[in-house]
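Below you'll find the structure I mean.
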Amino acid sequence: MADAVFLALSVLTIGSAIAALEMRSLIYGSIALMGSLGGVAGFFFLLDAPFVALFQLAVYVGSIAVLILFTVMLVRRELIFKKIEDRRRKMAGIGLLLVFLVSVGALIMSSGIQQMDSDSPPIDFREIGEDFLVYYWPALVVMALILSGAVTGALVLARREVESGTN
Amino acid sequence: MNATPLVILGVLGVAGVILPVLDVARRERFTQAYAAVALGALFISIGYVGYQFVSGMVQPGAIFSTDVLADDAFGGLFAIAMLIVAVFSVTGSISYMRDQKYPAVYYSLILLSAIGMVLVAYSTDLVMLFVAWELMSIPTYVLAGFMKRNPISNEAALKYFLFGAMSSAIIVYGISMVYGLTGTTNISEVIVALTTLDASMMPLAILAIGLFVAGFGFKMGLVPFHMWLPDTYEGAPQPITALLAAATKKAGFAATIRIVVMGMAALHLDWTLALGIIAVMTMTIGNVAAIMQKNLSRMLAYSSIGHAGYILIGLAVAPHSAAGLQGSLYHVLNHAVMKGAAFIAISGVVVALAVTHLDKIRGLGRRMPITALGLTVSLLALAGVPPLNGFWSKLMLFGAALESGSFVWWGPWLAIAAVLNSALSLAYYGWIMRKMYFEGEDAKRVKEPKSVIAVMIFSLLFMVGLGVYPDPVIQFVEMATPTFLLP
Amino acid sequence: MALIEFVLVSVALLGIGIYGLAVKRNAIRMLFAVEIIINAANLNLVAFSRYVDDSGGQTLALFSIAIAAAEVAVGLALVVVAYRMYKDVDIANFRSLRG
Amino acid sequence: MVWLVWILPFVAALIMPGVGKASKKATNYVAVGFALASALSAASLLPMALAGDEIHDQIMWIEAIGLEAGVLADPISVIMANVVAWISFLIMGYSTGYMKGDRDIIRFWFWMMFFIGSMQIIVLSDNLLQLFFGWEGVGLASYSLISFWYRDKQKDHVGQRGRTALGLLDYYSPTHAGMKAFIMTKVGDIMMLSGMLLIFLYAGTFGFRELVETTTWATQMDAVGLLVPAFVLLFGGAVGKSAQFPLNEWLLEAMTGPTAVSALIHAATMVKAGVFLVARIGPIMFALGAAGILGEQFFAIVAWTGAITALLLATQGMTNPEIKKVLAYSTGSQIGYMMMALGVAGLSHQYVDGYTAGFFHLISHAMFKASLFMAAGSLLHVVGSRFMTDMGGLRRHMKKTYAFMWAAGLGLMGAPFITTGFWSKDAIFAAVYESGAEFGMILYGIAVLTAIITAFYTTRMIGMVFHGEKSPHIQKMESKGHHVHEAHLSMWVPYGILAALTIILGVAGLYIEGSLHHLFEEYLDHSFHIHSEHGEETGILGGLNPVALVSSLAAFGIGILLGYVFYIGRLVSPQRLVSSNLFFYAIHKLLLNRWYLNSIIYWCFVVAPLWLARGLFRYFERTTIDYGMNTGLEKATRWGATVVQGTQTGTVQSYLFVFGAGLLFVVLMLMV
Amino acid sequence: MIEFGLLQAVFLPLFLAPVAYVLGTRYGAAPAMWFSFAVLLYGTVLVVLGTISGYSEYYPWTGEFGGFGFSLDGLSSPFAIIIYVLSTILVLYSRPYMVHRFEEMANGTLQTSALNRQVGLYFALYLVFAMGMLGTVLSTNLIQFYVFFEIMLIPGFFLVSLWGDGPRRKIGLMFLFWTHVGAVVLLLGFLMIGLTVGSFDFSDISESAIPPDIVLLSAIAISIGLGVKLAVFMFHIWLPWVHGAAPTPISALLSPAMIGIGAYGIFRLVVEFLPNTFADLAIWFHIWGIVTMLYGGAMALMQDDIKRLFAYSSISQMGYLLFGIGSLSVLGMAGAEMMYITHALGKGLLFMTAGILIVKAGTRSISKLGGLAGKMPITAVCAVIGALTIMGVPPTSGFMGEWILFYGALETAISEGSMVRAVTFGLGLVATVLTMSYMLWMLKRVFFGKTPEHLEKVKEAGWHMTAPMMVLAGFTIVLGIYPDIFLEGIIPYMEGVLRI
């Protein structure tokens, strides 16, 4: 059962990741990306991390992907459906991909990770909360700064200038 | 006790958050005030770090605490270097940003980025390090593209962003590997766990190290992860380039030393040759590419790559020579000031003359004497000409490479390559000087931005003063250098 | 399900992401690729977190997701700016900086 | 007093610019006065020296190496010093007339005094190093004086314009000549220097007296076979300075200098220095024979060099049309005689014979050659040309000069019984004949042959100048209103004195030679412990070797007869003789072209090295060094930069591709 | 001895350089010149006094690399004295030459203020340059040595690039680049020694034993590094250009004083500190020296530019120095040092001559000169004395250097029974003839012969230019007659170095 789900999720995630990159239309591409991100969320469920999974769904699928979608819709139509590719570059990219997969795959397969397994109970998400507040609290503060900085920065950048600047 | 990073976090964080708020609150634009606030915060931070050092409350070397942050001399050294550069950047921006929009956000982002850098150096936990890394990076993406109407700036920012995003993902990937192998994210625990790592897990550990090298190497500008760097440095506003070249790059080294070098040592890997090869590649490509550049920023960007190579020498020979890491840290500090000063000088040129092309800075020595002098001295310092500060750190690095010759055959070759590169670099630095002083004899003097002059004077004092009498800094560096006594 | 299966999926995603970044010319599609890589890393983290039985992995995954959001925001802003200037998002045309 | 002899000329030289600034005329008095003072102080040493005593005075010089400077006034040096000083004094007097009105008179006096001072250093120095100072000083002064007329006017050149030998112009400007003289003598000098250094290496001293005190150094040097080479190298210096074969060629071009300078060079200083050096070191070498170290090779080399030079230059003197060059050839030839005498002295058991002969010839030669040169200078002054073909028939106009020239010329020819030249030459013949050396007879033959030639060319010179018809040149001059007349008093008096002395001393020649012989015998015995076998020579003519006497007389007779036939009596036209016969033509051309020696030297040591240097410069320095290492390196770096820049395409995809590949690369590198 | 005497001698010029600049800018050439002259004169006096009392000073500096100090011993004091004497008198010479040069560069449209600014800058750079050279030879620490070694480079670069002739900017860069390459290679050698010994102080290094493999490598690195400075054969790439292009007072300082510092370095660093290796390497120095001698001389024969001729002559003379060093005997090495002194005097004179020709005759091409002896007698006399010094003709100091040098070479050749050394000795003598040839030929072409028409109006230079020459000319003759002034110190030192 779980294996079948895993298989399905794998196909969904990887397939839609490829689709996101390769589909002609950017809109469909972003939808495919959502699928891929959702698939990862599914993996999280499989891994007994519902908190992260929900966070993933909320933040990624819910906001990021939608943000992307809106951005896509901002740009001109012909851009959305235009897909310019450089064949040589694509071949080189596929080559790189294959080499990467083969070598890193072999690396991983040859390592002792194959024997790693766990039968411990899933982690309670309250532990995560405790981590955040006790151990990682400076990181949390920093996180907040990142978000504020990113938001102000993105706002400043994206804001349309009414009057013409001096630059 | 980890008071210092937290104080910095607090001071700069508050200032960084308040600035945009102030901007909203005050309708009239008063750029200098924002800069003053930012400078104030930075000075307080520097003062605090310095005070901690002077009062001896800092633990020497790089320590490994069970907390996410450690208050050690290693971090302190980087903090000082980075904060100085941040001060340069802010000061240099005063004139640069005079007619630009959103100065408050601009300064706030510099402050936030500064926090990130400092915390990267202080981090003793991978998660903290990653988060700090991102705090450092994300504002700089914005800053690099801050000149919204300038396509160059935007292009630079986009390239930077794409690389940055990719490398931060790769860093996370690397962290995940390490975490998977050790079950912890605290660096000290990671290292302890790595020392007893099962042999079958070795490939994964290597993969993780490789990912870290790539991820951090992007920031450091190591070949082959350097390709964004010239483009971004050229396109970004020069004060930001100063920040990128002189500070964020150093954060990469801080992270590498804390994680990669320690981790590699823990893994008993023979990693030195790999780093040595990267070092030679980096400095050679950086210096060779710099030779024919026509754009001042771009030339210095390549030189920056070259310098990353020098610093990496220290890392490469770290296990064999005590002077290696010392030299690296020393060069980090020096390079921060030298490159920072150089880019701020260029920003002054841009403000006053709006040019960066080499052919157009003819006669700069007459047009902007102080800026030109500052640039000249910093170039000479970069070239390692005594008695400027750059000489001493290069000396230690080359010495370390030679010293390692008794353990590894390639040590002297590393030194020779470095030395020849160093000589080669003088060719293009000399080219800049030639353009500034020996051409355009009839140039007339123009007004130089006061803020740039201030930076120039400070850096001149720093470079010459600590070049003539380097002992305090050497002692400082010795204190800050981590040892290989693993926890 | 062994850990390795998750790791392999993650590696595959990582590879696809790198491929996307190295091949695609559309800035937005490159953002997709970045997201895919981050997700690969997150998957890895959570999987390891499950198998080493520690909460740290999940914590980092959460941080990572949040940061990805911030990054994407900035990235999209940059793309928008670029689009305004060039009326185009083909990044291969952004090559005035080179040499 | 001894020091004064050489210090005074230097003082004069040093004050000369100052005096000259005050008054140009005063320089004449200063020069002559100081020369006289120097001569007087030299003369004051004579009684001491003739009594066989010596003064050896030393002061510390280079303390770091332990070298002392000093003067050594022994008989030989005192006599030499007197010859130099007095002849110089006369030449200085002559110069006041000869150089009258020259705008560079100060420079002239400066170098003349410097010349004399340097020569006196050579003569009076007690060690080789100090001698070398004088040695080089002489070279320097000769350089400056030969190229005195540095403006290279055409009248100051020597040689026939446009004539070439082996493709090289035989026409030299004063500056060229000076350079040639300096460099050629320098070749000798460095040989001498290395000889000196070799001796110093073993002996630890440069001092002449110190070298005689012990023989251990010589034994050591002999053991490694360096003794003779060292002395030969020393002799190399003499070869250079005295213009011996093969370094003889500079002497001819040295004729570009003012004639007073030529006189000084040929009679008193410079070329005599070489002879003096051999006289200085010869006894040292010979004395080593007592310690069982034989230096016969050295003496043989000296003798043969002298002989070859004597013949070589004498033959060339027969054909040259320039009066000063003829005299120059004659000088070289006569110096060859002296060398030969000093050489064969060492080959025989009776060292003192040859020694005396050589030295005596030096003295007599100094007198008549100075006289001849000064007379020739007067002729030049009067005629305004250095070519004998431009003179002719002058005997009626310049009676005094004619007479003096004959007197001195007879001295050169060795006119029997009445000239010093006869006695000294005869002594040389005798020494060569009696030496009993291997090939001694060949040497003797050369000597006699040379004597014939000498007599011939001297007659030829006088005949061409004073006899026969006036040349077109003089006729032209006279038609322009110039009148050929006797030279000024200040000029003819000095050479008159010397010509007279040649005859006067010649009459008493045998006695002088005898006392000189006696003096040197004692001197060599006393200073070098060289004993000579006493015996037969008692009567007036008893001391003379009959064979030598006869051959000497015969040589004089044949030579002067031939000369008379061709040039005084003008019975046979020499031109016709030469063009009549291919053999004579070839010989004439060979001699006129100086046996092609000069050309060969130029080809080998001037043209070829210059060619080589040019080749190196063009094809190595310009290409490999300049282009290869500057431009080439620059280009290579630029090329590298272009390549690296080429990778920086500006396309971010490529960058990211490289990033990915780099990631793999790093991982794999770490794995290995 | 005045307290901190050498410290003052070295650093006063540096600290007073801005004053010279201000004086020049505000008040014109004369005050700046006299000020620089006074500063350097004071330094010279201090150095001379220090030499008499055999003086040294030490100050704390860095922990890692040791202290710094200044020391005058038999080796360094002749160098120091010559450097400062030359620097001092060339100040006087500089003024007319440089004013001429400034005017020439401005095509006669030079305003007084611009002139003054350049004058000020010139003297400031000049002082730093002089100070760098002195500091190098007085150093007592490897790193300090290197620091000063580089310091003299920077003002040199500016001086050449600002006021040189021809493609001066390019040549300035070439100068900077090549000498820097040499310097960094040198630095490698220093580091090897210093790290092995654990100290960079001369006193420590001379007392410690260093492993032979390191010694060999570092000796080679140091020799190559200094070889570039000395401009020995194959490393002379930069010298003809730089000496040809530099403003003549600087050429007159570069060529005699600066490049010879390479020889000082070899003495101090290789001969003194690595004696055993040096003994092995000496023959190569010897051969290298002879090749340089001959090559430089041959190239000098081919030059038409008078300054380039002197430049090649300098290369050849540096060959003599190396030759002497390679002779591995007391007198040979003493001769080499003596050659430095005499070359400094002689070449200084010759370069000043070239400067006068440039200023007065307006050309530096030998083929355009001729017959100037009568027009400028003092210059001609000084040039001849300079040439004689280079040729090694007594009574100039050249002879005193040369015979000692060759004696040393001969001594070693004989005592080792080495055929190679004997041959090099012979070739060395040939080189002296070569030297003589190109010098005399140069004199002939410049000062003798016919005067071209365009030179009819040439006049003797003013006393600013001739007086320094006369001083040097007097010096060389005094030294030629009484060399003990320097030999007294040099020979005991060399004996000490070779442990005889």
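Labels for the chains are A, B, C, D and E, by order of writing; each one numbers its residues from 1.
The criterion applied here is as follows: a contact is a pair of C-beta atoms (placed from the backbone, for glycine too) under 8 Å apart; a residue touches a chain by one contact, two chains touch by 3 or more.
Predicted model only: the values in this text are computed from it and were never measured.
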Problem - Lowest number of touching-chain links that must be crossed from chain A to chain C - result: 1
Completion exercise
With centres defined as CA means, the chain nearest the overall centre is E
Practice task
Name the chain whose C-alpha centroid is farthest from the C-alpha centroid of chain A.
Solution key: D
Fill in the blank from the handout: So the chain most remote from chain C by C-alpha centre is D
Problem - Whole-Å separation of chain centres (CA-atom averages), chain B against chain D - result: 78
Fill in the blank from the handout: Taking each chain's mean CA coordinate, chain A and chain D are separated, in whole Å, by 102
Completion exercise
Between the Cα centroids of chain C and chain E the separation in whole angstrom comes to 64
Practice task
Would you mind pulling out the distance in Å between where the CA atoms of chain C average out and where those of chain D do?
Solution key: 96
Fill in the blank from the handout: Each of the following residues of chain D touches two or more other chains, namely 645, 648, 650, 652-654, 656-657, 659-661, 663, 667, 671
Problem - chain B, residues touching no fewer than two other chains - result: 127, 131, 134, 138, 141-142, 145, 148-149, 158-159, 162, 166, 170, 180, 203, 206-207, 230-231, 427
Completion exercise
Where chain C touches two or more other chains at once, the residues are 3, 7, 14, 17-18, 21-25, 31, 42, 47, 49, 51-54, 56, 59, 63, 67, 70-71, 74, 77-79, 81, 91-92, 94-99
Completion exercise
So the touching chain pairs work out to A-B, A-C, A-D, B-C, B-D, B-E, C-D, D-E
Fill in the blank from the handout: As the complex stands, chain D meets chain B at residues 637-638, 640-642, 644-645, 647-648, 650, 652, 654-656, 658-659, 661-663, 665-667, 669-671
Fill in the blank from the handout: Contacts from chain C onto chain D in the complex sit at residues 18, 21-25, 91-92, 94-99
Handout entry: Footprint of chain A on chain B - complex, ascending
Key = 5-6, 9, 13, 16-17, 20, 67-69, 99-102, 105, 108-109, 112, 115-116, 119, 125, 127-128, 131-132, 134-135, 138-139, 141-143, 145-150, 180, 198-204, 206-207
Problem - Partner chain B, residues of chain E touching it in the complex - result: 61-65, 105, 143, 146-147, 150-151, 153-154, 157-158, 161-162, 168-169, 172-173, 176-177, 180-181, 184-185, 187-188, 191-192, 194-195, 217
Problem - Of all residues in chain B, those that touch chain E in their complex - result: 323, 380, 383-387, 391-392, 395-396, 398-399, 402-403, 412, 415-416, 419-420, 422-423, 426-427, 430-431, 433-434, 437-439, 441, 469-471, 474-475, 478
